[in-house]
Structures are given as C-alpha cells and as structure tokens.
Amino acid sequence: MNPVFVIAGYVLREAASRKFILAFMVGLTLVLATVALSLKLEVVDGALAATRLFGEVVRAHITSVDVALRPIFRAAAYLVFYGGILFGIVACSDFAPGLLSPGRIEHLLALPLQRWHLLAGTFVGVMTLAVGGTVYAAGGLTLIFGVKTGYWTMGPLVAGGLACVGFAAVYAVMLTTATLVRSAALCSAAGFVLLVGGILAGFRTDVSRYLEAGFGRTSFDAVTLVLPRLSALAVGAADLASSTPLKPDSLGMLLGGVLVFGLGALAVGFWHFEGKDC
Amino acid sequence: MDLLVPSGSAFGLIGPNGAGKTTFIKSVLGIVRPTAGTVRVLGGSPEDPAIRARIGYLPERLHLPGTWKAPAFLATVARLKRLKPDAPAHLRLLERVGLSDAVDRKIGGYSKGMRQRLGLAAALLGDPSLLVLDEPTDGIDPMGRLEVRRILQEEVRRGVTLFLNSHLLAETERVCDRVAILADGRVLREGRLEELARGGAKWRVRFAPGVETSALAAAGFVPAESEARISTGTPPGLAADGAREGVYLVEATDVAVLNAALDRARASGALLMELRREGADLEAVLLGAVGSGPGVAA
Amino acid sequence: MDSRGRRKVWLGGAVLLFAVAALLMFTGQGDELPPPAPEVKFPSRMRGTDFERAEKRRTWVMPTAQDAGVAAPVKPRDPLLAALPRGPGRTAVVIEANALRHSPLGELLLDCLMRDGGKNLEQFKALSGVDPLQDLDRMVITDEGLILSGDFSKARYQELLGERVSSDHGPGARVYEPGDTSIALPDGGTRRGRMDNAVGTWNDQMLVLGRNPDEVKTVLDRMDGRGPEEGPPLLDENSTYGEMYGVLAVEQLAKLLGPEQAELAQRLKDVAQNVELHLDTSGDVAMVADVRGLDEQKMTDLGKSLGGALSMARMKAQAEGNTEMAQLLDFAKVRPDGTSFKLELAVPLSAIQEQLAWCRKPAGSTPPAP
C-alpha cells in the first residue's frame, strides 16, 4: 500500500480515538435526528404549504419546495463552510504536531518513507476526515429534507465539497506551519489568519475601495491576489446549495485556484520538512 | 568522527550525556543530515528508503498510539516498511518479546517496559539486517532485560548487525563485542571490548590477613589500592582500607614468572586466598577514556 | 534524486503553484464588483412617495354639509378614487401611467413604443392635443368603463367630439353621447368614424369613457360627491401604492385563470370575496394579490392549493425548458393570513429587459416568438 495512504490511515485511526471528534459526530447526529423528528413539512403539489418545528408554525408563506428550502440550504452551506473550517482548524490542529513529536517522528523517519509521504499522508488523512464529516452533515440534511419534501438536490453535498476544498487550503497552511513550529496553538493561529485573509481576499475588490490609494492599497491588492478567496468560494457554495445562479464568473476556476493554492502551501511544507533535522 | 561498524557485529555506543550519541544514531538513520561528511549504512545512503527498509530502529522515547492495540500497531509499521501485514507472524513476534498476554490490551495501558518490548518488536519486523536500538531495556525489569538480551544475542547470532546505545554499561558489556566511546562529538576510543578492557600483564592476588608487606613488595607485589590511586586518583584513605584486605597486584608476563613471584610470597609466609587476572570493566574503561565525574550515561 | 534536489523541486513547484492559483482565482472571480444581489421588493404598504402622491391628489373639496345635525359621510378626497365603483363584486384597476412611464419598465415599454421614431405618438398628439407621455397621469379600468386623469386642458374635444350630442353635467363636467367622430388628417383630409362609447369630461382633469351616457354621468356624479352611497370606496386612499393597483372581482379573476385551472377557479369563486392587486415597477416587476374571504380554514386550503398550482406550473415550466415562465414563478409565493392570503409574483427586470431587447434594435427586426 502506498505509504501516503498508510499514514492517512494512521491519522484517521488517531482521529477516531479522539473523544471530542466522536462527540462532534454524536452531536451532529443528534442535531440531524432532532431536525428529522421535530420538523414537519406539509407539501402540496410540490409547494411547501406549512412548516412546523416542535409543533409551532415557523413559516408563513407557501411556495415551491425548492424555493422554500433555498434559505435553509444557503444557511446550511455557510454553516458547513465556515463552521466546518473553524471546527477543522481547532480539531485537526494537533494532528501534524503530534505526528512530528519526539519519539514518533524519529520512528517514522527511520521507516522506508520519503519525508513528503508523512505530510501528504497527514493531509490526506485530515481531508478524508473533513470530507467524511461534510458528507455526513450535508448528506444527512439532504436526506432529511429529501424524505420530508420529495425534493432531492445534490446542492448541499456539492457545497460541502467546496467547503472541503476551502479547508484543504487552510489545512495545507496549518501543516506547513507545523513543520516550522511544532505547536498546535500556532497551527490553529495560522489557520485562523488564513481564514480571515481568505475572507478578505474574496471581498478584495470591495475592501480595496475603502483603502486609501497608495502603498497600503497596492500591498493589500498584492497580498490578497495570492490568498485563497474563501469567501467567494463560500458564496459559490451557498449559490450551489440553494440552486441560485452563481455569482463568480467561473466557479471552476476559483475552485481550482483555491485547490492549487493549497497544493502550493503543501509544497512549501514539503520543501521545509525535506531539509529539517528532527 | 570516523567510525566503522563491521557487519554482523554487536556494537555498543557509550559516552556521557550530550556526547552526541543520539544525534549520531539519527544521522545513521538519515533523520539528521550531517553538515559535512558522509554516512554509509549497509552499503548505501541512509536517505535511501530501500536502505532504511533493512534497518530496525527503536528510538529512545518511542511514542506509541495509546488507543491502539499491539497487533494493529505492528500491522501499520509493517505496511510502512512495505511489508505485507502477517497477523500470525506479528503474534509470534509479540510472543517473542513477551507481550503475548497483552495483545488484546490497548497500548495506553502498557507499562514502560511493555512499550519498550513493543518497540523492539516493531524494530524486529521484516528481519532487518541492522538493528539500531536506543536504550532498548529502559524501564524493563531485570527478568525482562534477560529476555531482551537473549533476543538481541539471537539476532546477532543470526548475522544481524546490532548497534546499541544503552546507559546500562553492564548490558553493553554483556551484549556487545565492540564498543565506541563518544564524548563531545568525538570518538575517544573504539575497538573490541576485550581489547579495551584488557589490563595488561597484571594479576590481582589476595592473601590471608597477617602478610608482611615489605616481604611481598620484595617479591614484586604492590598493594592494589596504591596502584588504583596512581591510575585513577582514588583518595589515599581508601588505599589503606584496601591494604587491610590483603589485595596486591603483581606484574607477570607469563605463568612461570607469576608462579615464581607467588613462590617467593609463600616463602615469606603469605597464604594465597585468591588469584585473578587484572582487567578493567567497561565503566573503568569509560572513566579512563572520559575521566571520572558525574554525567556518565547514555 | 537527493534531498537537496528534492527541496529545489518542492520550492520551485510551490512558487509555480502559487502563481497558477492566483491566476485561476483572478480569472475565476474576476476583479469587477459583482452586481448587487437581486432583491425583489413586493408592494405591501404605502411608501413615502405614495403618500406624497396621494396628498397632492386631494383636490376635491367636500361640499358644505346641508344638514348640520347629520355627520357628512367619509369620502376619498381624491376625485378619481371617489369616482370608482363601490360595493362587492366590482372591479377597478388603477394604472399610474405617469409613474409607470418613469419606471424602468416604462422606459423599456417606451423604447418599444418609440421604435418607429415616435411617429404614431406624434400623430396622436397632433390629432388629440394630448401628449400621453406628459399629460396622462392615471388610467382606471373598471367594469363600468375607463377613466383617464391628467392635464387635458389642451385636448381638442371640439374637433374630436364636436359632432356628438353633448350636455353639461354639473360644474366643469360635460357628457358626450355615442356618435360619429371626425379626425382631421395631417394631409388636410378628414377621416370619419363611429364611437360607441359615451364620453365625459371633468374640469380638464378627467376623461370618462362608458357604455352609455348614464354610466358616465354616474361616474361624474361620484366625482362631484353627488352619487348615492353604495358602501365603502372600492379602493381606500391608503391602498394606492404601486404603479398599478386595484380590486378585482373573483369572477373576473377566475376568468383569467383559464380552462386549465377550472377547479381552482371554481374554488376561488366559492371561497374568496375579492382580490386587491398591487404592482410595483420601481425596480423588478413585483405583484401582490391580496385574496380575501370569510372562512379561515377554506382560505388556508385555497392558499395551499394555489401555492401547489404555482409550484406545479413552475416545475412544468422547468421541465419544458420554459425558463422565462420558471423564472417568473421562481418568486411566486402565497402568504396565508387568517381569512385572507397574499399571492406574490415577480419578474426580474433583467428578464424583462432580455425579453424586450428587440425594441432597442433598429426597426425592422422582428420580436422573438413568445
């Protein structure tokens, strides 16, 4: 088996033993189950005629199911995107520092692996975890609303996929940070900084207008040109989830750009780790 | 440093704290890159995964995943060594290191000694040509050490090259046939253990109390304590205690000279109680090489 | 490759990847500010401009009360609203022609109207003396006829209606009976025609068209406050918001639904009393129909049925690839509210622009098939 996948399995096995990740999955299941059990949707000829949550009417208008579910899927997409990235930053911050800790890294490096296998395996493991969590959350939501309304859409799942690409860029930076400093806190901090930078980069045109022309604005434009445009991706994810027309000119290009940024960050990590004495 | 470890040997590395032993081991495994010079292991570079595949390594403080069970850990290490996981073989290996009763327990519940045994099992996976062990018996009870020593000796007999770093000098002495003494990143002494420990043509003799020192001195016997004081700087107070015990050293290039000296001593009325060839243990060798003082450890 | 070589590859790769990423993201998102998200504002209440407009129209002075002991009945102070029919089962739809003309939709419609360079419009102005784009303020369609309000001081009544039998009807009002009409042509000739409608004029501000002189007189009487009280005004002054508004009798609305929705039309007739409409064209074209009935349960069920019908129609349009219809029904929703419910429909202005794009092309090009 490719060592990258063995390391990924190693990371996943470690993750499975973490109580707070298990607690998160249980919590997610409970939320989905609560929504499934407490939400009553009355559908008449494809229109959402009435919505009751815990027996209380929560919607006052009747419209097509897909239109009615748009704000819900949109909100869910934003929640999955930003909530997922935030949770991922916190939950996955110590995987890489843990793997690079004394007593473990020497053992791993003495095995017949390339150094980049370790980082790539950690990345793949964490991303598998992220994709699994996203599919579980978005899929559960799609399933609940699909069963209750008869309206089936891949939107939330696709939006979840976009969220995973966004997280890939963030985690690549966190992983690279771990090769520089073996600290979960600093890895988290790097992830947060990139998330904020990514949000700004998505709105760079709007933000740039409010900056005074000159060095400040030029610097801002230059930095945000390279940063992954996470907020733009989030908007695209929400558009996809709610089946509304896409705002970015080409979501595919944007998505590719964010993914390639992640790979670039990962390559920096490989570069540094390759020359590092552990 | 310039150090050659012959294939098939059991090589021990000793030296004080901060001597560079662990760094040296890491450079042997490619974990640390030498700033200058080259490291050749098993005929190749340690950076080559194919070379590392033939090395079994037990780090000093092996960090094991606490929630896993031993067979799962071994299976993962086997996969990383590009080996096909072989559950029965892994169980046999665990039995060999004395963990057969703990296969169903999580590693987190293992004692320090059990963790070391598991680390040793992981190092032994894939029948490596070179075993690099950093404190393999750390935390293991005396009976366990015997078992580990037996395993290591078996491996050496099988033709495996053993590279051992242990602060238990007695263990190094018992397992290794070659030793290098490292201090401040330099190899101070290196060679076969008996060569390093050889004391020359000296014999240690113990006479019954009441011997006449001057007569023995005339026969070529000198009190052992004054000899020791000369070579190691032992305080003179201890020498007087040694003299009371009737221990003397005599230099004899061959058996005939020794017997002649003994005859002279007996003729002066001394009664022989004990006779053995004088030689230094590893500690004495280390002390001799590095100098006495605290911090002599792996 | 040794470690040093690999490091060079990783570093070079990283730089290249960052450059490609920046290029892809720049191309993907663009650097232009995205247009603001379309937000359809449905007409639901009087806005500031509506209040101002209503205020200006309070031109009718209430006659002095003849019987000091009896309180004067409440009447709209806008003469046009006063002229509207009253009582249940009646229909009146007001088109704010001036506001509509200055709305984005009006601009688009004007483009279509002016495709011939405004020739027809100029002809109409020359014949009638009235510039519809300047002088027409409101147009009301009722089940009694048509009322136009605005500035008709330059109207050539004499030339257009001079041959008809006419009579004064109160101060400032005149009624023309149906009859022949002669129109002076630009080449100096005259075209004669027959008009079956009675026409009433009121203070150069109103023009009333009815089936017969009596109906016209009734409307003029209401305008002057002389009409018999038949109930509350069909349209309250506080309901004059939007570029088009009014009250439709359910029978009229049922007819509009067509034979495909016969069942729904019948339920509408059985359950609902009337429908108040408001159309807003200040941005996207948004319509709210407030359907009122008496039985809450029946009205809720009707609302659900209507919502379902709209949803089905939308799905059908989507399935058939009728994107325009699907887009129109995208905003369709029903808001139940006790014994009434509101039906909301909207068409994004961009969709209308797309549909009417041919008006901006040179004359001769043909409009697209609907």
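Which chain is which? They are A, B and C, in the order written, and residues in each are numbered from 1.
By definition in this document, a contact is a pair of C-beta atoms (placed from the backbone, for glycine too) under 8 Å apart; a residue touches a chain by one contact, two chains touch by 3 or more.
Remember, it's a predicted structure, so these values are computed and weren't measured experimentally.
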Worksheet entry | Chain nearest the overall Cα centroid | A
Discussion item. As a test of whether you follow the contact definition, which chain pair has the most C-beta contact pairs?
Written reply: A-C
Practice prompt. Just grab the chain with the largest centre-to-centre distance to subunit A, centres being mean Cα coordinates.
Written response: B
Response to the item:
When centres are defined as mean Cα positions, the distance from subunit A to subunit C in whole Å is 47
Worksheet item: Whole-Å distance, subunit A centre to subunit B centre, using C-alpha means?
Response: 53
Worksheet entry | Chain centre separation (subunit B, subunit C; CA means) in Å | 100
Practice prompt. Any chance you could list the residues of subunit C touching two or more other chains?
Written response: 3
Worksheet item: By residue number and range, which residues of subunit B touch two or more other chains?
Response: 33
Worksheet, complete the sentence: Note: subunit A residues in touch with at least two other chains are 275
Worksheet entry | Of subunit C, residues touching subunit A in the complex | 3-4, 6-7, 10-11, 13-18, 20-34, 37, 303-312, 314-315, 329-337, 344
Fill in: Footprint of subunit C on subunit B - complex, ascending
33, 45, 47
Worksheet entry | Of subunit A, residues touching subunit C in the complex | 42, 44-50, 60-65, 67, 116, 201-202, 205-206, 225-226, 228-229, 232, 247-261, 263-265, 267-268, 270-271, 274-275
Discussion item. Please output the residues of subunit B touching subunit A within their complex, sorted ascending.
Written reply: 26, 29-33, 49-50, 52-53, 55, 57, 59-63, 65-68, 72, 76-77, 79-82, 119, 122, 132
Worksheet entry | Sites on subunit C touched by subunit B in the complex | 2-3
